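Just so it is clear, A, B, C and D label the chains in written order, and each chain counts residues from 1 on its own.
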Amino acid sequence: MPEVIFEINRDLSVPMAHQAVPGHNRWHPDIPPANTVRPGATYRIECKDWTDDQVRNSDDAEDIRTMNLDPCHVLSGPFAIEGLEPGDLLVVDIVGIGPFEEQPWGYTGIFAKENGGGFLTDYSPGASKAIWDLDGIWTTSRHVPGVRFIGNSHPGLFGCAPSPDLLAEWNRREQALIDLNPDRVTGDIPALQGDVQGTPQVPALALPPLPKDALLGTLSGSAFDEAAAVACRTIPPREHGGNVDIKDLGVGSRVYMPVFVPGGLFSIGDLHFAQGDGEITFCGAIEMPGFIDLHFDVIKGGMERYKTDMPFFKPGRVGPNYSEFLTFEGISVEDGRNYYMNATVAYRRACLNAINYLMPAMDWTFEQAYLFLGAAPIDGRIGGVVDIPNSAVSLSIPLSIFDRSLLPEGAGGGRELVAD
Amino acid sequence: MPEVIFEINRDLSVPMAHQAVPGHNRWHPDIPPANTVRPGATYRIECKDWTDDQVRNSDDAEDIRTMNLDPCHVLSGPFAIEGLEPGDLLVVDIVGIGPFEEQPWGYTGIFAKENGGGFLTDYSPGASKAIWDLDGIWTTSRHVPGVRFIGNSHPGLFGCAPSPDLLAEWNRREQALIDLNPDRVTGDIPALQGDVQGTPQVPALALPPLPKDALLGTLSGSAFDEAAAVACRTIPPREHGGNVDIKDLGVGSRVYMPVFVPGGLFSIGDLHFAQGDGEITFCGAIEMPGFIDLHFDVIKGGMERYKTDMPFFKPGRVGPNYSEFLTFEGISVEDGRNYYMNATVAYRRACLNAINYLMPAMDWTFEQAYLFLGAAPIDGRIGGVVDIPNSAVSLSIPLSIFDRSLLPEGAGGGRELVAD
Amino acid sequence: MPEVIFEINRDLSVPMAHQAVPGHNRWHPDIPPANTVRPGATYRIECKDWTDDQVRNSDDAEDIRTMNLDPCHVLSGPFAIEGLEPGDLLVVDIVGIGPFEEQPWGYTGIFAKENGGGFLTDYSPGASKAIWDLDGIWTTSRHVPGVRFIGNSHPGLFGCAPSPDLLAEWNRREQALIDLNPDRVTGDIPALQGDVQGTPQVPALALPPLPKDALLGTLSGSAFDEAAAVACRTIPPREHGGNVDIKDLGVGSRVYMPVFVPGGLFSIGDLHFAQGDGEITFCGAIEMPGFIDLHFDVIKGGMERYKTDMPFFKPGRVGPNYSEFLTFEGISVEDGRNYYMNATVAYRRACLNAINYLMPAMDWTFEQAYLFLGAAPIDGRIGGVVDIPNSAVSLSIPLSIFDRSLLPEGAGGGRELVAD
Amino acid sequence: MPEVIFEINRDLSVPMAHQAVPGHNRWHPDIPPANTVRPGATYRIECKDWTDDQVRNSDDAEDIRTMNLDPCHVLSGPFAIEGLEPGDLLVVDIVGIGPFEEQPWGYTGIFAKENGGGFLTDYSPGASKAIWDLDGIWTTSRHVPGVRFIGNSHPGLFGCAPSPDLLAEWNRREQALIDLNPDRVTGDIPALQGDVQGTPQVPALALPPLPKDALLGTLSGSAFDEAAAVACRTIPPREHGGNVDIKDLGVGSRVYMPVFVPGGLFSIGDLHFAQGDGEITFCGAIEMPGFIDLHFDVIKGGMERYKTDMPFFKPGRVGPNYSEFLTFEGISVEDGRNYYMNATVAYRRACLNAINYLMPAMDWTFEQAYLFLGAAPIDGRIGGVVDIPNSAVSLSIPLSIFDRSLLPEGAGGGRELVAD
């Protein structure tokens, strides 16, 4: 086992703030390093689930409905890498990842609309939840019967700390967005109120800094107050990576990350046992506490050398190999309205088309199919982004994870390759 | 060789209107069948390239710059399928596809901004072109040196005719979109003028019916005039499929398609030797004239039975198998502005990040990298669509199609799996 | 279409000897080139089926039972490659391959024991045959119902001419083998008569030169007689490649081949639509006449540089991608007898174990299952070759080519990933 | 973590005989169950390495040279499965596998010829060893520089106990083999002394029962003596599975196994971090102590229902996905002699051809290349087994596990798909 550089109390109810060395739930360059690492070595980092243990292994979704988003996501770190300087690339190999033995289960939640909702909140405004039992590489759920699949476990969220300037830029542009409609967060605004170039509205354009429930490692006193006032929330992906939620970044993947501050100050969390592209349920993938083993290395001056100010990746090669899929398509037309070149709307339609197909085929409710799409290894692929006015996006589901055949039957149907 | 049900004169300069049986370039239910087929059998359909032979095998892009889009796309068909009725699903297997021996090359074009542009028109407003030589399963281009890849050839555009009601609905909602800004098509409108919910503006919100250069098979006289006045353009994907441009629909794929009129009236065209997800150059993939062999079958009452009013697919299993990729990410932030949950902007940023990396690595111009992304087998994947305010989209490039290593070098670099 | 350098009359009953330029059916360095090619270019070569059209599209196996093996295999070539010299490596890319439109079917035959038999001749001593209809990338057979699969078409036999010395060496060592038991070819020798280190005996230890029915291109007169007396038969694989029957050498593959005579004198034939590892039926894969497109190139002095006197390969990447297999195992124990480290016996046992499973599962006869294993994309893999006294070999069958589930049912059975 | 049903002292020097519950190193139906399991549940079984800790993490091969084979393989078990009876099929899912944290390394050894040797012992008669460091999913070796690869860890040896009759049959037929040449084990017999149908001789035709160093679980006294006199050695694969050494049986695999005695009496051991097909070094793969998590289930009466008396498998889908290989071929000709249809000789030649290529390319000794082929994920595939007189077998090496390009260079060389 690699050296553990961030430890989580196995009484998982102990909050992140009370760990031996606390982590953090905001981005700010002043958060002191939780530990220091050497390039060229592998370390183990333990992580809490992103909500800091707000979700129970139960059959109701009350915990999801009343979730407090303010302390999310709790992250492990930051870690200073010896010799790392702004302009370098931090190279991180994902060497291992897994749940804690103490909690062999994860969860997928759909937030209620009043709590921010998910991707399909206008179609399913209530809170829902599925508990997934983890059995080695597989998972099943008593709440989503009829599927069993292999998790390509991965971290949903990681990145280096922003520089003060980059942090200020994030706050500037996100506030500019909020200012367009500051009331969105509180009102119950109908979908489709968005104008034609945009997506249907849902609550909250963006989340500003929030000192309430902020955790900034060991920072305290006035240093804490100053930082908490401007530290960015962890919800969106940004230039440093952040909440990228890319399901292909499983074991064997290599990540090249831009460095903005001395030492890099790398943090990680939001571990997923498995996820569908888009993590459409918002809360989210199959979320779990657990460990991740990372190997660190450095490319000096790599940002300039490789012309990058965003992370890039070499995905691993041990994710489950599937060869048969059923693929649904969506176009950017919703409720009789064309959304101009809007891949987000097109993906929502693809999700809805898949759900309509899955509900009778699997005898599922809308919510079960929705939870499934957030948790299972489904692929969302850009189809068209130039054929005015409609974007097209496809969604592919591996066929062998179901306990029955999902292919249409009858003339032209039957098993895959036998056309009769 | 299967029975040929639509023949193209191998003097490829003969326009679609002058073929033995002409095809069409608009969608309308009154276009008479070009031929009739039986379910359970395989047929060959020959196709012109989508522009009806407007592009030459030359080293300048004058033909792209002066392209007349009005006759595009020229399609082969429609074909009536015996016994097919509204509410059925038409099952189409893609059995074979290839270029004509007379034209062993294809093209990728980037439209000039004044001609509608492509996905990155604000970054490359001029016209560009690459000619791709087709050598069996491979292609190379003298205009994009250093890459050689295998084409998973596929049809970009296919679908059944809309019913009169569906056609009317298409016209209604697209006109509503045009009416939001009817001047867009003619003006030289700067990018980024779009408001925060939308994408940066580019010319043309949508294209209304256009009798000029319309071709409706054998329809003529007043019947032609009536139909041409309302027949829909072929540019966007719609409920029947249409210009879906899904690069995975190569040989071995099965398509399940909704049927809206008696006989189905299936048409096809826009053959691609290869394509990148999104076909970001607009004109487009590696476009080619050629043949496609299709097997037809029917699921009676399949639309209700499988709860669908959109095509769905089972992709084939013979596309090239790659196992190493370099993956770039984009988020919906452009020019200092957050675009709320906009996957289209995120994909554009991913494309630009890839281009920035490729230009020095391959010694390419911006346009060469742009043409490459439109033509080569690159994957565009939905990352995040719920992490307000930023969508994330990733773009993956197979590493083995290049004549050199694309991976970063140096500490932490080197060959894939050797971390040194 | 590439330039055709070897043409076959499309009246396929015209024998190889009467083609415009005849091919050959023996190996000898004096056979004059049928044509000359340039390195760096792609050419089309047309081929007859290996038996020179002795097999009919019929429902009985009389043609297989009475097959004349003496003119087999008929090959196209030889081709001289400009500048190629002994010690070079000839680099051949397989660019395309397919059946002739005139014969959209192929065949798999099992020879009767008196005619040499196949791998399981002691278990199925009669002649059998299956006709496979070719439908684009797929094939089905009225003689082997319930399967439909994709062919990774490939050449079974290719190689450069041996030098006179190498030819003499082949004759010497093969005669030495024949001399061990020269009566084997005529007698009806029971299986298992072989001693413990060897395989069960079947007729014929090796085939010596045979002037009868020999075809040596345009060679005639005394030159023909001299060459025919020593020219080697084409049945076995040898140092130049020859009848390698490697099913992975489909389109996209590259072959590096040793060169023994000036110009190389490359020949090819024995095209297969599809094949199982081992081609256990002997006659054999799905045999077909057709065309193959090859790109030629040269590595000067490559044999010494890469320390090779045998061909080596880089297989292509467009063969069908399967992800679910059922795998049978065999060990080198037969009829109560241990065969010391004998992978050949182990593979035969794996084949028999698979046949025992397939017969009831698919409602097939022994012969149908046997024909299936010779023709379908099954993998034969070396398991153990050191665990005295038993070799182990495995045989894997892709599950999705069947019209039903082949997995065991019941507790522990059911669909792949759902355990109970 | 699943319930542990067999525990290994983490002082790994404690021999198997002194574990809390000892395992065994011979096959006999009277060995008492070490534990009992329920169908439908998952359990953890801990295993010693197959030699019971005879190998050290050192740079010399003295431990390999002086290895005592008599106590090998030490196995964990046997386990009785509730309700299992002769004629049933035991269904085992491989849910997880890994090394102990206490020993993050494994070894590959080549036995000296006087100690039995390996597959290439006539070419490398001394003892050799490589230590492999295990770093998550990867391994590297200071003794075989320049490669890094992912292990598809798997058990080399597992099976149910034989019935008394089956055990007697094994002894009968193996003794018959030994009787053919009882002196082979002691003499230094030159290779190639075998006759033409067989393989070159190496020491030992088979290993008879050996009471010395026998371990039969808790059996003792006269019961031990009686059983030890006839209990079979564990070296060969047999009808129950046994030492199958199939490298594809990694996590996610399902095994269907015949049951010969009440309760089944399943045992397992010989864990491999990774292995090449054939495990040609004999000692062997990358051998390691560690844990394996198994899920048990039962198909009542499955042997008759599925017509099987041998294990069969459904391999998992998470092994590393490679798409580029270099493939070497071997034919059954050695030292100027044809070995009639001998796939074992053909595989040896393929191994030697690969080694000849690898030595200069990687700057390796013969032994380094030999150790590599035993340990790395190389595929051995049956080519031809009917083309008299020569078998052909191929050996494929994934190209991306090396720190340099292995493809030939020069004209026709260069990177994979770029021909010139």
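The definition used in the following text is that a contact is a pair of C-beta atoms (placed from the backbone, for glycine too) under 8 Å apart; a residue touches a chain by one contact, two chains touch by 3 or more.
Values in this document were obtained by computation on a predicted structure and should not be read as measured data.
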| task | Sharing over half of the contact pairs with B-D by residue number is what counts; pick that pair out of A-D, C-D or A-C. | result | A-C
| request: Could you find the chain whose CA centre sits the greatest distance from that of chain C? | output: A
| field | Computed distance of Cα centres, chain B from chain A, in Å | value | 30
| field | Centre distance in Å when chain B and chain C are each reduced to the mean of their C-alpha atoms | value | 41
| Distance-wise, how many Å sit between the C-alpha centres of chain A and chain C, to the nearest whole number? | 51
| request: Would you mind listing the residues of chain A that make contact with two or more other chains? | output: 138, 150, 295, 317, 321-324, 416, 419
| said: Which stretch or stretches of chain D touch chain B in the complex? | reply: 138, 140, 146-150, 321-324, 400-404, 414-419
| remark: Contacts from chain A onto chain B in the complex sit at residues 39, 89, 91, 93, 116, 118-119, 169, 172-174, 176-177, 180, 194-199, 204-207, 235-239, 241, 243-246, 248, 254, 256, 277-282, 284, 295, 297-300, 302, 305-308, 310-315, 317, 323-331, 333, 336-338, 340-344, 347-349, 353, 356-357, 359-360, 379-394, 396, 407-408, 410-413, 416, 419
| said: Show me the residue ranges of chain C that touch chain B in the complex, using the header's touch definition. | reply: 1, 42, 95-96, 101, 104, 135-138, 150, 251-252, 293, 295, 317-322
